[in-house]
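In order of appearance the chains are A, B, C, D, E, F, G and H, and numbering begins at 1 in each one.
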Amino acid sequence: MTSLVGIIMGSDSDLSVMKDAAEILREFGIESEVKVLSAHRTPDQAIEYAKNAEANGLKVIIAGAGGAAHLAGVTAGNTVLPVIGVPISTKALRGIDSLLSTAQMPPGIPVATVAINGAKNAGILAVQIIAEGNAEVREKLRAYKKKMEMDVLAKTEKLGEIGYEEYLKQ
Amino acid sequence: MTSLVGIIMGSDSDLSVMKDAAEILREFGIESEVKVLSAHRTPDQAIEYAKNAEANGLKVIIAGAGGAAHLAGVTAGNTVLPVIGVPISTKALRGIDSLLSTAQMPPGIPVATVAINGAKNAGILAVQIIAEGNAEVREKLRAYKKKMEMDVLAKTEKLGEIGYEEYLKQ
Amino acid sequence: MTSLVGIIMGSDSDLSVMKDAAEILREFGIESEVKVLSAHRTPDQAIEYAKNAEANGLKVIIAGAGGAAHLAGVTAGNTVLPVIGVPISTKALRGIDSLLSTAQMPPGIPVATVAINGAKNAGILAVQIIAEGNAEVREKLRAYKKKMEMDVLAKTEKLGEIGYEEYLKQ
Amino acid sequence: MTSLVGIIMGSDSDLSVMKDAAEILREFGIESEVKVLSAHRTPDQAIEYAKNAEANGLKVIIAGAGGAAHLAGVTAGNTVLPVIGVPISTKALRGIDSLLSTAQMPPGIPVATVAINGAKNAGILAVQIIAEGNAEVREKLRAYKKKMEMDVLAKTEKLGEIGYEEYLKQ
Amino acid sequence: MTSLVGIIMGSDSDLSVMKDAAEILREFGIESEVKVLSAHRTPDQAIEYAKNAEANGLKVIIAGAGGAAHLAGVTAGNTVLPVIGVPISTKALRGIDSLLSTAQMPPGIPVATVAINGAKNAGILAVQIIAEGNAEVREKLRAYKKKMEMDVLAKTEKLGEIGYEEYLKQ
Amino acid sequence: MTSLVGIIMGSDSDLSVMKDAAEILREFGIESEVKVLSAHRTPDQAIEYAKNAEANGLKVIIAGAGGAAHLAGVTAGNTVLPVIGVPISTKALRGIDSLLSTAQMPPGIPVATVAINGAKNAGILAVQIIAEGNAEVREKLRAYKKKMEMDVLAKTEKLGEIGYEEYLKQ
Amino acid sequence: MTSLVGIIMGSDSDLSVMKDAAEILREFGIESEVKVLSAHRTPDQAIEYAKNAEANGLKVIIAGAGGAAHLAGVTAGNTVLPVIGVPISTKALRGIDSLLSTAQMPPGIPVATVAINGAKNAGILAVQIIAEGNAEVREKLRAYKKKMEMDVLAKTEKLGEIGYEEYLKQ
Amino acid sequence: MTSLVGIIMGSDSDLSVMKDAAEILREFGIESEVKVLSAHRTPDQAIEYAKNAEANGLKVIIAGAGGAAHLAGVTAGNTVLPVIGVPISTKALRGIDSLLSTAQMPPGIPVATVAINGAKNAGILAVQIIAEGNAEVREKLRAYKKKMEMDVLAKTEKLGEIGYEEYLKQ
């Protein structure tokens, strides 16, 4: 089965964050592939990947990188597919560098930026995009949204029943 | 003809930025609608708009807001369509407030954030999403990308011919 | 007995901070209720809560949220009661995102913002507001203020007696 | 007629911002008084003002200051009335200094902070607090909120009628 | 023996930082006194302290506070003595809030601000000020400076001898 | 007559800010000298100046610089006199770079940092330091402080008389 | 004559800044070439340029870009020549985004970053690098440094002669 | 054998970061020397070191410092050699202070700034500069770059083989 979403990252140290994208996609039954590709250390392969993405059947690319985070932008420069950028938190500046170098793209080349370390949301956004032409996936999104709502309501109900002191002891 | 993209903004003072989204969509031949809807001043209408968006035939919503920019997030909370957030530059903090309150969404509810005042890129991202199921639009994207490339190359060629002093005098 | 203060938060992970508001209100003998309500995951319930707050006898709402912190703003958009916002510290940006998305509200819809993780102060501010029409509560505020003063003076006195080296060993 | 709201500011250069608080209060028919009082240049008078505020019939104090903005905090240290802080925009750092030195108060002494230059919202927040014990004022708040909603809806309607190009030419 | 330097701080939790000022002053043989005095919780005592400082024989006041750090500024507003401000690091924003609310004082009321948690430097600065009229203290400053130089040179010499790998193992 | 205060700056473009220090010193009758000396472009002269300052009769050095502002720190490294640093506002980052590179000095070498562009306060701080051993200067400081207070009170009185609308028209 | 330095930029709007690099290189008699090449809009040409740079006789590449500034990083990923990055000031965030996305490169791929809009320094740094193997150029650098020193000294001398009031009137 | 690269730092606490520069240089077979030299505590030696660097055979100087990081700038002011600055991460502000005070140099005196704690990249940049006149070193750079590429590709291949869950368990 062909991957619909490519999940790429600048370093394998980003994998513990980026796996969240793969997991949520799997939860929605959407095939994805995970690759380490650096805009700086493997520029040829990164660009090749972006250029062939459409032909390879991908519908969305999710790119995670930290610091001077160029992977999402460079990918977006080499494809017409939507590219989602995940700014990875950094040790020194905690990801504000990653956020700005992912989001502040020049006119013409958008990167759909999510929160710092927001790989799960990147996955959901990919699902929302794929759902444009797929009623079944969209239905799953509705169910997912409903479930989130129910989870919060269950928590607030439990909080009401046992009080916040008990709740915090759980 | 039905709108495929809803362009909403928190205040009509955002229109001079957000019009860029409408214009690029028109350039791609994609119908859009432009509305002023505030998450704070017209919460009922903003939420109603988000809830009905899918039924009304929208495929993407672009939401622009500045400062404590909640419109994109609130919209995303009320639809399963992809929501693109445009952080509008602010007078005091120049949009870093808008960027953070648009991008830093919690897990479960993504907002595809573009650059501060990046309404044009929001429009292109919407086109990329619509192009998932529309080969003609995708072809236009390729042409658009090619044209951007040609424009830059023409500039660098001219620069080479006349030199930077002349170029700056233009 | 009816709650005078509603304490709401976007996630139950905020509870360890927000409990400080409930505790200080209890210390002042003011009834409060604690709920998990998300502007993004349970928008209908969050808005319903805000709209009914006045009729339900609430006098103040305290809303805590982190990151793209929209809960206080959305609540303020749906009630004429005073809404106090508590920006919750975040892992990556430590709450500067929460602070800006809580405080930088547009004209017309104020949120009374306290410090990052300042739930205790949110509670005291609620007490101060309730004290407008309640001489007994105001008297308690005076006593509380006096006690804070006495506590600091006791510390400075002890410091003077035993010296800073001993004081630090305590 | 006695003032219910004291509007104080660190310098008369803040008046062009702080007047917004006085104007909105007047719009609501609430008497206010406007004073220049500096935590640094007139500390005795600033403290005296705060200490006597309650006895003088004030119900809320609004304090605006810029840079190392201490006026709201010092006022809050000397009264049990609710104190609303307005961070005034500064030339160099545009008010982020004012915002942090107004909002980041220590436990025990809250300042209800509004947006940078958010004097209008400070006024509305004062009205909301006064409305706790005044049904007529609260009714006016509801009307004000309704009017804001109507204004936005009128704009979005006009936008729909004439289109954004025409709207921008207005 | 009379204290020449008053070391005050907003909370006894600041003492583990502020003790560095007391220690360096002791090293220079200059008497100091250490007090907990809050601009917000004990405003009367803080102001009294500042007003009486000169009469009590103090030559310099060192004030440390964190967050909305008003103690140094309020002190400076109530004395003509030089006031040194120590911005204390904070949990959420790590002291950038303290630094801005200490340093960004309005014209007329300077606070001599040192680095975040720079209590040792505050002490040395106090010594430098006292040395204006005290040749013996100035001589000690020269010796202190010389010793710092010697310490660095000894380190670089050792580094040269044993190499950085060995040096790091020490 | 010998200068007591040296006012140095990294570039003559800083003079329009730094002149405020010279003017306030003149107002207090304290002789100063003004020099352009760069830590980077004239390092020898800058260091020479610092080394000879004490022997030349200076009591305080005020150093202003912008961006990577090293002048105050380098000066402080070459004298035991108190050094006051004035962070000069910069075009791109508006002086936050200057503030951090002036204030964040390592242990052992303090720079008494004032606000961004706070040259006037640098001058007053120099006066306060000189006043340690000069009762006449201290008396002038008291008068200056009194005058500031009177000025603010006159403004608040006028504001009370004519109202804020008239006041703003002045 | 072959160019030794390639000056590239992401957009021709950067040229008014980047021309400073070309001018200083010309002042040093070093041939350079100026090109508009975007990491996002002309990725193939940008990469080609970097890959061929060494073979084409370049010794240094200077790359300027603003916002999500990827050009310097992408260039550095495709050459072993030293790459100097010039972060271009941006309208909204004034270049802090450009600075972080230029400087915060991952291990293995350095970019020699200069100040925001520091194209002149980028040029001088290129000269310093070229001077490694060129005694004549190094001599010119010494002369340039000497001239800078003389210019500052002339200014300080003039300032001493005419006083700061006159100096400012020039 | 003579050192080609001088690695200096403001404090021996920076050594655990700065050793990365020494190690990578050794990997490339380039001799370096490591010294602790402070712009503030040993200004004479720091300046002497910079002034003699060229005569002593150095080709590049790498300077690391944190906070108000003046060492690289002061070094650059005293040599015509290229100076690479390494901003060292700080406890309070995590290195944003170091980055700004290293990078934001005034026109005329460049510092080639690398990432916060980017000592390894400083070393590689020094190698790239030395490679200008040394074909053997340049060849090593090409091999190093190739090896980085191979390492990333090996990781992505392994990831493809064992899947991300297994990969993360390694």
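In this section, a residue touches a chain if its C-beta (ideal position, glycine included) is under 8 Å from a C-beta of that chain, and two chains touch if they have at least 3 such contacts.
All values derive from a computational prediction rather than experimental measurement.
Undergrad: In terms of C-beta pairs in contact, which of C-D and A-C ranks higher?
TA: Per the contact counts, C-D leads.
Undergrad: Quick check: how many Å separate the C-alpha centres of subunit B and subunit F?
TA: 47
Undergrad: Taking the mean of the C-alpha atoms as each chain's centre, how many Å separate subunit E from subunit H?
TA: Chain centres of subunit E and subunit H, defined by C-alpha means, are spaced 33 Å apart.
Undergrad: In angstrom, rounded to a whole number, how far apart do the mean CA points of subunit A and subunit D lie?
TA: Here subunit A and subunit D have centroids separated by 41 Å.
Undergrad: Averaged over CA atoms, how far is the centre of subunit B from the centre of subunit E? Could you give it in whole Å?
TA: Distance between chain centres: 51 Å.
Undergrad: Among the residues of subunit D, pick out those that touch two or more other chains and give their numbers.
TA: 11, 38, 41, 67-68, 93-94, 96, 103-106, 108-109, 111, 115-116, 148
Undergrad: Pairs of chains that touch, anyone?
TA: A-B, A-C, A-G, A-H, B-C, B-D, B-G, C-D, C-E, D-E, D-F, E-F, E-H, F-G, F-H, G-H
Undergrad: State the interface residues of subunit G toward subunit A in the complex, per the touch definition above.
TA: 10-11, 38-41, 43, 47, 66-70, 73-74, 76-78, 90, 93, 96-97, 100-106, 108-109, 111
Undergrad: In their complex, what parts of subunit H are in touch with subunit E?
TA: Residues of subunit H touching subunit E: 11-12, 15-16, 19, 22, 33-38, 41-42, 45, 67-68, 91-94.
Undergrad: What part of subunit F is in contact with subunit E in the complex they form?
TA: Of all residues in subunit F, those touching subunit E are 54, 59, 80-82, 84, 99, 103-116, 118, 120-122, 124-125, 128-133, 138, 141-142, 144-145, 148.
Undergrad: Show me the residue ranges of subunit F that touch subunit D in the complex, using the header's touch definition.
TA: By the definition above, subunit F touches subunit D via 89, 94-96, 115-117, 145, 148-149, 151-153, 155-156, 159-160, 163-165, 167-168.
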